[in-house]
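Have a look at this one before I ask anything.
Labels run A, B, C, D and E following the written order; every chain starts at residue 1.
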Amino acid sequence: MIKHLPALLIVIPLLAAIITPIIGRIHWVLSWYTVTITTFISFVISLSLLQTVLLQGDISYWMGGWQPPWGIEYAIDNLNVYVMIIVSFMALAGAIYSKNNINVEIDEARKPFFYSVYLLFVTGLMGMVVTGDIFNIYVFLEITSLSGYALIAIGKKRQALVGAYNYLIMGTIGATFFLLGIGYLYLMTGTLNIADLAARLPEFYQTKAIFTAFTFLVVGLCIKLALFPMHFWMPNVYTHAPSAVSAVMAATGAKVAAYAIIRVMFTVFEPEFYTLAPFNIQPILLILAVAAILAGSIMALAQTDIKKMLAYSSVGQIGYIVLGISLMSVNGMIGSLIHLLNHAMMKGALFFVVGAVVYRTGLTSIENFRGLGKKMPLSMAAFTIAALSMTGVPLTVGFVSKWYLAVASIEIGMWWLVPVILLSSLLTAIYFWRIIDAVWFKPALGEESHGHEHDDHQKPKSNDAPASMLIPTLTVAMLCLVFGVFAYAPVSLAEKAAVILLK
Amino acid sequence: MIDVAIPLFLVVCGIAVLLVKDLMSSIMIFSVYSLLIAIEWVRLNAIDVAITEAAVGAGISTVLFMIILSRTKSVEECKKSISIPALLVAVGVAGVLLYGSVDLPNLRDPNIAPSTHVSPYYLENAYKQTGQENAVAAILASYRGYDTLGETTVVATAAFCLILLLRGRRHTNKDLKKYEDTSINKCTVKGVGIKPTKTSPPGSEQDKDIIKKTVTKFLMPFIQLFGLYVIVHGELGPGGGFQGGVVLGVSIIVYSLVFGFKEAQQRMSVKAKDLLVSSGVLIYGGIGVLALFFGGNYLQYNVLLPDPKFASIIGILGIEIGVGITVAAVMITLFYETVRIDANG
Amino acid sequence: MVELLAKYNYWIVIILLTTGLYGVMARQNLIKKIIALNVFQTAVLLFYVSMSKIEGGTAPVLIKGAKQIIYDNPLPQVLMLTAIVVGISTTAVALTFVTLIYREYGTIEEDQILELNKHND
Amino acid sequence: MEIIESARPVYAILVSLLAVVFIGISGKYPNLREMWTMLAAVLKFGLVVSMLPIILAGKVIEYHVTTVLPGLDIAFRVDSLGMTLALTASFLWIITSVYAIGYMRSLDEHAQTRFFMCFALALSAVMGAAFSANVFTLFVFYEIITVTTFGLVAHEETSEAIKGARRYLTYLMGTSIFFFLPAMFLTYNYAGTLDFASQGILAGKASYTIISIIFVLYIAGIAKAGMMPFHAWLPSAMVAPTPVSALLHAVAVVKVGVFTVVRILLFVFGIDLLSEIGLGTYLAYFASFTIITASILALKQDNLKLRLAYSTVSQLSYIVLAVALLTPSGITSSIIHITIHAFGKITLFFVAGAIFVATGKKYISQMDGIGRRMPFTMAAFTVGAFSMIAIPPFGGFVSKWYLILGTVEAHMLPIMVVLVASTLLNAAYFLPIIYSAFFKELPTDEVEGLREAPPMVVVPLVITALGTLTLFFWPSLLLDLARMVVSLVM
Amino acid sequence: MFNMFEVATFTIILSAVLILYRLVVGPFVFNRILAVNFFGTKTVVIMLLVGFMYGRPDMFIDIAFVYVLINFTAVLAFLKYVESGRFDN
């Protein structure tokens, strides 16, 4: 069975997702167990695949026993096993977290379906990551997208529906662009297998058709990634979706889209394409990335709703990821890949905490965070750590990625990027500082005005989130620190991947 | 001639769809658009695509649109119709496409890469290796069977999503002030000659529907039989699990349209249908897993039995049936759930 | 004429795709947007299926015993089967959103929804 | 030079980190809690002292903790320079702990547990900074100090305190992120390493322009050293409780600042490189400017703590000035001044706190005749002030002596003028206080008679005052350490 | 030159233009319903004709069957909507 692990990685959660509604008929908790156990299995499998990749090199698994390019291949190398671990881990954390959190949004009768759709969402993401066939990416992209739309739409407020609808429209346009891009590639090369494409494409690098294909593939994925200025669907989505969903979506969805972009840009197309292509692509991406970084941070500053603020901050963080990609150097790519991990952890933790706050207080305005440090100390500690990481303080993982990005920008002579990175870090620090300040150093709302009259209520009781929410939150937040101190592990993996990508 | 005219018609319909203000007319034009595009598929020899388009584009999606229309309102409001940013984006995209199509190879050229690189292998080996005369079915179910598993999952996902969103959805803005009342500026559309009457007089129903009902009753077994035929026949000609499944699903929808929703639910209960959605995919995935136990890769059918070709045929038949079950159940789900909303809300 | 026809379907694809895309973005009515989205998607289907046709080819279903027959390329057709299925699934979910939006807002015009959201926040 | 692998520096850091945990747990039992603080302080000092013989024997202790990124290590290295800071800080922590307990209890302050936790945390970070083996580790601990002391500055939680704390954080965090970080980054980029080396790591690695840019970035980035124009955080940090001002803003934080400057100047740039480019001279003049301006500003302050704060700003620049001379005596002076100023300034702050505890007075204008009521306290104040002015037989004289020697060695006579002027200014802002405390009449509404602060407050300040004296008569340990640094880098 | 099938196709397409006109211009819903129905029928015929043109009618008859069926469903849905405006009765 060991040699079938790549297939089982996807098939187990996929079939589990299908069974979940049936199992859930007995009792909804069973469906939660199914999801948790399956995501855990996926996580374990991806770890074991990591081991295999490290020890024995890349894995190629032929679906249906058909040799690529005729059949569909699962091609696992350093890059996708790395992303895979992030995705499956965050999926597991999200699953555990959702047990209580999702009570706010839906009733028990529909929970099995929620879990089923949730599992389909992460399965789709994982499917996108491991496959070595470009059309297969599209198919799994659609699985995640569809389930993602529904997960958002169950948000409590009616704005969630509008957000989901707009996301659906944008997502479908993006996916269709991607499909169109595949069409151009196929028309020119006659193949869909990524490795085969990479081998057959170079002779067409100078053609206009291939350039068009590239444009559509990347633009389509950028819409999914919510790269500025194609981000406008995202804030509403993250704001109104259930917190568990926002967390998992922010932690995994954008990561996989970024992965797909990297795959397309550096595996399907090889670096020499960028010197031969009719237009120079690098500056465009670079400008978009810088614009995203700055615009995201500035817009985040202006928000009063914390979820919206986090959403805009994601716009900026995605800018970082794209910045690393657009530098087209090994260090830049390492920065980008580490930022994938980084952003998954910290955004996950932040949304988890916000979800816990919503669970306890029902509110998401920043005002509402005042004095929470005393009521929910552990959650808020996690929040603080994640915020520090987001700012890029040393010994958090946020520092590592920014370091690499800065190194890479100096390396290729774009020193002006360093102030940009610093400025956005500063902006990040400012908008998170507002919250941390409110959390730890301000009395809770209402307490200052008439707190003295009710002396027995004066003492804020610690009322932290339930353990099922707290454990994943704290774990993820601690990982921000762990990977910040022992950054060598992810960096060495990312470096291997980057070197192969940019060979 | 036909190759020039049909695409032109397509363009006409495509533009008309967007221009017509009355939504129902728009949907009707869209349904004709589907018919036209199906002709184009037939003309391009894509028979499997044509049969799918027939089932999906002209059938299911039209019905779905009509149901949704019945739940919302049917007139698009009059607006200043040109949006400059949209126009810019559209022109930009068109520009990129035009730029890219300059050095695309000519169509129908037998020497283009798609016809020379991968697909000749399928055409040569499909029958030998999988026992399928229809190369499309061979690729769909075997060579790229995993894609099809994904595709079936997409369909199942849609069903789950609908159930998740619609079933027992509680929070509705009850004291919602309908925007309709305050909005002005409705377009006077010529097309809307008919005001839908919300209830039909109870006594006359029997007489009015007698032709419809009799015809449907007569047709029903044939439709379903035909659906099964399409599922099984995929091996030899156009069709397969997906198309057949849609036809089966449509039979229930037709039944409901004619005999009423309650009646249809007695034929196919919601619970059974839910179960079927899952079981179809399970059959598909299960066959794949079974292959693992026989020592093959995932979805490698030819290991299931001693004779690889026969094993392949059986395997493919199995998954076609799985797909058929799921798709039929999902089509019914789409219909049921969208129709049922108010019953629960 | 022949040369025009050689790329005729490409032009049709471009026109349809652009029309659909414009419709998706410019129309305010949510249902209309979905219809436009469908037009947009079919354009891509047409692109793929057009490339499967070969001059003098026949449908890719084996004719037993005959030699030297040119078959059309089956692969794009397979891919488009998947795309059609995905399309209907997306449409179904989108239409569900529309009904729910109508129930919550009482309108399916985008600008009016935005206005209602503004009042609410 | 012999290198010894030992985890002792890590233990020295961990002691107070562990203490944080215990303090947090035993928050409900003040005595137990304070016991942990004391225990940690003593243990830490013991650990530091236990490393002293090794250092004095000319050896170096190294310990590599982890590699964060290739080239970015968390590693420790105890040498004579770090030892000076570590010894000073850990010794003064013991005394400050006693003082802080007395101070906090007599004022019945709130959130004492948080206070002591942050305090212990800050001390851990100071140790970390002192023992850093590379710029990165130093930077990390530098930032940790900023964050942990933020909690101490904001301790009062009044709007004024929070405003001050915010300014504190903005200055320190802002400059370190905007200048220090890029400087470190550029250093890594050009030098390829961040490890401190006795001859510097940048020599020959980049053009003079770039080195100058890095130099400016570093100096601007180390706002903790209180150089103008980034000095404003220090006065605003005075909203903190006095033990905090005493230990952190006379010793720990600002000393880490100047320590960082010294460290970077000597071990990243190297003396040869600096004198080659002539950057030292510029820095020296720049520091002189701060010395004079800050002294003048100090004159204007009526709030005692603020006056002390400006005095600190000016004194810190002595250290920077001294090292910028790049001569043996200059470097010696800067190193011993770290300790000597610490003892002097902590005494002064202790006194300010003692006055506040005993009488609630904050302003100099209120302190007429106070020497009669608090003779011990004010005697200690006099000792501290004389040390600041550099009157023998107090410690300050020693360092200033070496400083003057340094200017002679460097042939920078204008600096001498600055020193004279600043000494006069020092005298001008300290002597009136002493005069009015001892020779003016008490305000009429106050009763005569001894009313010192509680012994837990008074004893520590007497000890530090005595320490100042000791440093004049037996400066040999300090001088040995300083000479070792000089022999290392020259 | 032209064989019978092509002539037939040509004629049908010509008539399709007329239907298309009614479909697009309306003016009433009923015009359009009829047009849809009519067009469905024509589609079936064209498909069969194409099938004969390509020489493999067996493949195309299946498709035509599905069309007959589906067009029936679509028209039923239109009529149901016009008749009662809802589907859950």
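Simple rule for what comes next: a residue touches a chain if its C-beta (ideal position, glycine included) is under 8 Å from a C-beta of that chain, and two chains touch if they have at least 3 such contacts.
This one's a predicted model, so the numbers in the text were calculated from it and none came from an experiment.
Asker: Which chains make contact with subunit C and with subunit E at once?
Answerer: The common neighbours are B.
Asker: Going by average Cα coordinates, which chain is farthest removed from subunit E?
Answerer: D
Asker: When I count C-beta pairs in contact, which pair ends up with more: B-E or A-C?
Answerer: So, comparing the two chain pairs, more contacts are at B-E.
Asker: For subunit A and subunit C, what's the span in angstrom between their mean Cα positions?
Answerer: 28
Asker: Could you state the distance in Å from the CA-based centre of subunit B to that of subunit C?
Answerer: 12
Asker: Can you give the whole-Å distance between the Cα centres of subunit A and subunit D?
Answerer: Chain centroid spacing, subunit A to subunit D, equals 44 Å.
Asker: Provide the C-alpha centroid distance between subunit D and subunit E, rounded to the nearest whole angstrom.
Answerer: Distance between chain centres, rounded to whole Å: 90 Å.
Asker: Tell me, which residues of subunit E touch at least two other chains?
Answerer: Counting only residues that touch two or more other chains, subunit E contributes 54, 59.
Asker: Of all residues in subunit A, which are in touch with two or more distinct other chains?
Answerer: Residues 135, 139, 142, 146, 149-150, 153, 158, 186-187, 192 of subunit A each touch two or more of the other chains.
Asker: Please set out, as single numbers or ranges, the residues of subunit D touching at least two other chains.
Answerer: Touching at least two other chains: none.
Asker: Of all possible chain pairs, which ones touch?
Answerer: A-B, A-C, A-D, B-C, B-E, C-E
Asker: Given the complex with subunit C, which residues does subunit A contribute to the contact?
Answerer: Per the stated touch rule, the residues are 135, 139, 142, 145-146, 149-150, 153, 158-159, 161-162, 164-165, 168-169, 172-173, 175-176, 179-180, 183, 186-187, 192.
Asker: Give the list of subunit B residues in touch with subunit A in this complex.
Answerer: Residues 96-97, 99-105, 112-119, 121-122, 142-147, 149-151, 153-154, 156-158, 160-165, 167-168, 170-171, 173, 274-275, 278, 281-282, 285-286, 288-289, 292, 296-303 of subunit B touch subunit A in their complex.
Asker: Residue numbers of subunit A touching subunit D in their complex, please.
Answerer: Touch residues, subunit A against subunit D: 393-395, 400, 403-404, 406-407, 410-411, 418-419, 422, 425-426, 429, 433, 437, 441, 484-488, 491.
Asker: Mind pulling up the subunit B residues that touch subunit E in the complex?
Answerer: Touch residues, subunit B against subunit E: 1-2, 5-6, 9, 12-13, 16, 20, 22, 24-25, 28-29, 31-32, 35-36, 38-39, 42-43, 45, 47, 50-51, 54-55, 58-59, 62-63, 66-67, 69-70, 190-194, 196-200, 212, 223, 226, 230, 233, 237-239, 243, 247, 250, 253-254, 256-258, 260-261, 339-340, 342-343.
Asker: Subunit E touches which residues of subunit C in the complex?
Answerer: Listed in rising order, the residues of subunit C that touch subunit E are 58-59, 61, 63.
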